[in-house]
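The structures considered in this document are given below.
In the two complexes that follow, chain A is the common piece, with chain B as its partner first and chain C second.
Let's look at the complex of A and B:
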């Protein structure tokens, strides 16, 4: 039985080394005499000498020894006594009565040596089966009470249990499950398992008492030293529990009925922190998993009665982790754990344990326990969300107790009321101190554990305490966690069916939508951005004079949906880019894209319901303000357009208008700083309207004209203007058939005008080429005019290389217009002239020598080859000139 | 022929297909069809054969585009992500509409040589058109929303003439298509990689992309279409146009031929 290391230093017991040497030498000296006596078969002398040897354990030198040194002496004494034992055993086998010896040793005058010899003799007595073991055991365990000195008594009893360990009645028989046989033979031999257990329990109780007393006898000054020494001796006591485990074998009834009860009673009643902590951990480690599950309630109740300050973390983490490993080991094991309702036991007993410990169990330890409990809940019954929620509830209740310094609650808050607590305190000014870094890490760990295990937003939304716990974290952690929640939706299975769930989700991801930390009061920090179209920003210049009549205070409180103007928004952008680093901007973008994907979590099976859901979603997204809306809103807009297309497919014509109206409204909420994006979306709304059918056609004109307004008012950069105009012309072409003649004429005229006014010649030319293809045969004149203007723009271009490329574009357009049968470009040799111009430039020396010129020439050749291949179409063309 | 992208791609191949293919080597671009389709027997073998082209280095060109993440689709299908493992593909030609930096990064992780053109919803400054030379072929990429009248074959053919490329890759329609033009040239539309809907159609095509194996002046295209979660039919088409095979675990030979005759892919269409 090795003792753990870390012996007491010589400075504490200055003479220990000397005493130790003296004792050992003395034992060695006497042992020589003992051997001689045994060799010459002088048993009487041998007993006397053996008593003398054992007496070393009570000598004045031994009294000065630390447990470690004492143990050393104890071991050498034991070795010598073993010689005596073997001698007696040998003679007993030859038929000599042991009883004689058993009685003779009792004549030894000193108590301690007498008892050592008695135990030695008793062990032979039991082994030789000359007396009923039961009686001998009872006799011995009672006699040992004669030594009450803690250290001596403890070692004496350790000797007793050591000697008897392998001689206890029927330990093996029961282990093999032959209970009947055990009873039968047990009756004959005078001892049953019950007796053995009684014996071990009694000895264990006494040992534990002595162990605990070791500390009580000393002054407070020595307390720390004694604690250390006691820890070194813990294995002596703990080995009894291992012996019990062997005796009990697989007999659950026996364990539950007798053994566990006695051990737990002893643990509670000894009222000593070190003993409680060690022994409870022993129980949790030693007995089999099935036993632990079956008697978890008793164990947890015991935990609830332990002394304040006992390291509950060690005990509880050890039992919870053990059960988690067990239930993870196999499907059968998982079922066993489920049938035992292990989690329910934890849930009902845990608050009691925590209440009992109070502030002596710090928050960090509690969170560690809950973290274990969470992994147990997720491992054993992952489909029981309420279990996970309960664990979160525990965390919340404890955080509330530990951090809510200003209004400490009298009693603990049960996890079920935790949510109520948060909602009740919403109005009150209840402030919490921040979590320490380690506590926060643990809390985040608890939450991410379940995110990983669930892998679905829908399941997480069913947890009530998740969001309450989240509020205790710092803003960065909250944001990271919210992003992780959204990322855990791998397949984007729709899981939001009503507004309530959506609202709940936004409580979860609020840190992504708001710049500020979401505190315990929840969403009360919400910036006042209700969706409201009836505001000053919707005024056009026709009614701008009304602004003068509106009080100034209202003017500044413009809702966040749409900032006052492009100028301020641009200024905002500048500020934003100054305030954040590139990495922060990238993280922000990624986070917001996650928010944008929330729309894919919304269930859209029913169109009408989906639309109202989308309306709520828009409301929530608008809280994000002008920085977030351009990233988060487009997905919603395009999702609603998809909804419109589905309405059409399902022939729900009446809803189509609502959906398109909704989409158009959403587009108008995109801040003017992102006018090009708004324009793109506006064109998509128009395109959708066009592909839906006559009833939706009014949306086409409205949205196209809106796009033109955006273009004219907010798109200023040349490159953006070009992109925008290109998109507008293409959309106009696409939606042409859904516009009535006048509307198309108005819009196309405007497009041509803008194209003509483009900044550079090349922009003009390219855009006019696009415009030329807008028109059908009825507007052949307009098409021809566009081609002409494009050619003029191309010709006016300064750079020869650019000029030739633009002319090639023009001639390609002319060919396309001609092939489409809109107008005849061969009239008045228009095409031939253009081609002639190209040829002239290409024939020049500069063009011939440049690689670019060669590319242009190749392109020209391809065009000519094409023209030649469809000579029937281009009848008026003079091929001889090509 | 077999392109192992590291996952359960349906495999078609055979020596026979290879020989019929290599017989065209002299025909050059835009060659007339001399032997339109492999014999029926060959097709049987083509389903269970040895990987061809193992002896030479494959040059794989991926045509992919119209992701619309996060605007119209939350994410690229996991099946596609496992198919498109980094290091297998030499060129990525993207038709645009990525809509987020996330996709851009993803494409650049697949291959070192990535070319992206701008779509109608891209705010990143990609060019409108791009030309990439692979082997002895010129590949042109253009999103295609700029083509007027939109979606017409003549517009796309005129664009190929203008760009002077052999293979023109366009997107925008969200409909997978591979065809050869009247004047030669191969036209590829990889469809939408995420199966995003198009605002101009009430039908939604499944997610798809096209992989091209380029050898000298020859191209074999492989179209990957994700149909549900289960199988990924492979449509083979050689350029110059030799054969078209639609293969997947379920298809039997007659349907292979019916696909060839009608020229339609066997993929199911779904409504919006």
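Let's look at the complex of A and C:
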């Protein structure tokens, strides 16, 4: 039985070393006499000398020893008493009556050596079965009360349990009816396992009381030392519980009915923090898992009665983790755990334990306990969401209590870190102190754990307390968690079927959708959040009714009036945007992409319901403000376009228009700072509309014209203009068939106009080439004009390399137009001239050596080959000049 | 030395020996407990450790006296007698000693002895009311005295042989337990109990001490047996109190509600005798159980209670 713990405390026991040496030497000396007496069969003398040896344990030197040194002396005394025991055992085997010795040792005048000898003799007595072991055991455990000195008594009783450990009767208890029969065998008469348990329990109780008393009446200065010394001795007490476990074996009824009750009673009644903590942990560790499950209620009730300040964390985490490991061990075990309703027990008893401990159990410890409980809930019955929710509820309740307004630490909290939470029960806001870093880490851990375990947004949405708990965290943590929640949706199985759920989800991910709380000033506003503002003036190109879609809180400027406080808000915006680092920007982007994917969680099996869901989703997304909407809205637009195509396939024509209209509206909500994006989407909508057939021509036209408006008003950068125009022209070409003639003419003319107005000649040339291909025979003139203008632009280009490439483009466009039968480009040798110009440049020295020249030459050759291969089409072309 | 004295005519001219009947089958008792309590551990030179033959109350004391004369001598005498004497001797007050029994048997008429002579004697059913006792100030003896009477101015030849008498009692009819509640106000309050008030010599005192209130830092608790011997009467009473046994029953300080067992084997105490009350109006021996609590400053708190001790069986070797 090794003792744990640190070394001897020299400062408090200055002479300990000397006393220790003296005691040990004295034992050794007396032991020699004992051996001699035993060798010469002088039992009477031997008993007296043995008493003398044992008396070393109560000598004045021994009184000065620390537990560790005393233990050392104790060991050497035990070794000597063992000689006596063996001698007596030998003579008992030969039939000598042990009773005589048992009585004789009791004549020893000093109580401590007397009891050591009595235990030694008793051990032989029990082993020899000359008396019923149960009677001897009872006698011994009673007589040991003679030593009331805590340390000496504790060791004496340790000796008692050590000596009896392997001799305890363990015959099973018998029913009343069988008793007579059993008596004949003699086994039961000597005692049953019940008697053994009684014995160990009694000895355990007394040992614990002595152990607790070691700390009685000591000055506060000594307190720490005593505590340390006591901890060194804890194994002496705890080993009894191990013995009990061995005795009980697998008899649950016995454990529940007798053993556990007694142990728990003792734990509660000893009213000592160290003992309660250690022993409760022992119980949690020593007995088998099945027992723990079956008696969890009793154990938890005991926990609810422990002294304030006991480290409940150690105890509860220990038992919870143990049960978790058990239920994870096998399927059978998991079933057992489920049948035992272990979680229900935790749920009903945990609040009592926490109430009892009050502020002496810090929030950090509580969160650790809940963290364990959470893993248990997730491990044992992952399908019971309410269990998980209960755990979250515990966290929330404790945070509410610890961080709430009444909390004394409130003064130290700066307003900046204060958190607001609208509590549904009270119906009013309470302000809370911020969590410490460690507490926050634990809270995040609890939430993360369940996210990982659930792997489904739908399940998480069923939790009542998730959001409430999340709100206690700092903004960054909330944001990270919200992102994690969205990431946990593996495979994006649709799980949102109604607006309510959607709204809930947005509560969960609010930190992603809305901006950081700016400061207290912002808190007077709704939900305590200040948003970045939509610049309403930037939306003026849209229909005014769209303004109604934008959340009021985002309106920084109402048309016709300057908002109050608008100036400061703008100033804040600047600060906010300046604060972002590159990493933050990257995170922001990633987060918003996650938000954008929410649309895939919406169940779209029913088209009409899907549409209304999308509408709500849009409403939520708009809360994100102009920084987020460009990232989050496109996916919604694309999803609604897909929906439109499905409607078409399902022939729900009347819905199609609604859907497309919705998509169009969405596009117009993208702020002008992202005009190119808006334009692309607008064109996308138009293209989708076009694919639905001729009847949607008005819709297509509207979208295209919107695109033109966007282009004209908001796209100013030359490169963007080029790209935009390219896209528009291509889209126009694609949607041409679904537009009526006039509409197309208007749009295409506008496109040509913009193309000719492009800034550089090369842009003009390329764009005009594109335009040229828009037209059919009816507009042959326009097509020809485009080609001509393109050629002029190309020719005017000063850079020879650029010129030759542009000319090649023009030639190809001309060929294409010609082949489409729109107009004859061979008239007036237009094509031939162009080709001639190309040839001239290519013939130049510079072109021959440069890679670009070679490229151009290759393209030219390809073109010529093409022309030669279909000479019938190009009748007007003078092939000889090629 | 006898030879040397004989030369001078002063030594005893004969040797007397007494052989009691059934000497080989009789039980013997160690009579050595003169003044030794726990304190008198070291044997004093005067203490004779001798095994005495054991007689009961009205047993016949019989035997034979042998008088040996040295070769070639003769012994003139005025008669030979043997006496059976029971006496109470006050060791420090000889005048108050008393022979309460004295019986004489004449063995021989005056004459001359020339050879070894033997005489049988018998004290039939002689009454021996008291126990042999050997205390501090008082001794109760039974002995045989053989006297060879000689001429005037010549010392008689005398030989004394002690026997031991013990009486056994039956279990007392009433043997009530001792229960007491004692204490010091607001400091210590205990309740103790011994299973009986009358114990035989090899009995076991079984008891319990129950602590109702402990505000004193106790160190240990003992049960002592105190013996009180009063010898003499009237103004010349000699009282001696002696602790004949100390038995520690508790080590350390108990807390309130603690119950400490007492189990004391009286056989461990060799100096114990039965309680004697006014033996022939000459002396009494009483015993007390004394419960002693010792605190950390070695202050003693005690409570004693008289117990009565009786003999259940002969204390033989």
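Assume the second predicted complex is superposed on the first by the 770 of 882 C-alpha atoms of A that agree within 3 Å, B and C clash if a C-alpha of one lies under 4 Å from a C-alpha of the other, contacts with A are read in each partner's own complex, and residues count from 1 in each chain.
Just so it is clear, contacts are C-beta pairs under 8 Å (C-beta built on N, C-alpha and C of every residue); 3 or more make two chains touch, one makes a residue touch a chain.
Small disclaimer: the values here were computed from a predicted structure and weren't measured.
If you put the two complexes together on chain A, you find that chain B and chain C both fit without a clash. By the touch criterion stated above, A:142 is placed in contact with chain C alone, chain B being left untouched. In the superposed three-chain model, the partner touching more residues of chain A is B, compared with the other of chain B and chain C.
Touch criterion not met for A:23: it reaches neither chain B nor chain C.
Of the two partner chains placed around the shared chain by superposition, neither chain B nor chain C is touched by A:215. In the superposed model, A:380 lies in contact with neither chain B nor chain C. Of the two partner chains, chain C is the only one touched by A:58; chain B is not. Annotation: apex chain A, arms to chain B and chain C, angle 140° (C-alpha centres, rounded to a multiple of 10). Judged by the touch definition given at the top, the superposed model places A:589 against chain B, while chain C stays out of reach. After overlaying the two complexes on the shared chain, residue contacts for A:109 are found with chain C alone; chain B is out of touch.
No C-alpha atom of chain B lies closer than 72 Å to one of chain C in the superposed arrangement. No residue of chain A lies in contact with both chain B in one complex and chain C in the other. For chain A in complex with chain B, the residues that touch the partner chain are 489-490, 492, 586, 589-590, 593, 596-597, 600, 634-635, 638-639, 641-642, 645-646, 648-649, 676-677, 680, 684, 687-688, 690-691, 726-727, 729-730, 733-734, 770, 773-774, 808-809, 812, 815-816, 819-820, 855, 858-859, 862-863, 866, 869. Partner chain A is touched in their complex by these residues of chain C: 217, 220, 245-255, 258-261, 263, 265, 267-268. Residues 58, 103, 106-107, 109-112, 114, 142-143, 145-150, 152-153, 209, 213, 216-217 of chain A touch chain C in their complex. Residue ranges on chain B touching chain A, taken from their complex, read 68-75, 78, 100-102, 120-121, 123, 145-146, 148-150, 154-155, 158, 161-162, 164, 183, 197, 199-202, 271-272.
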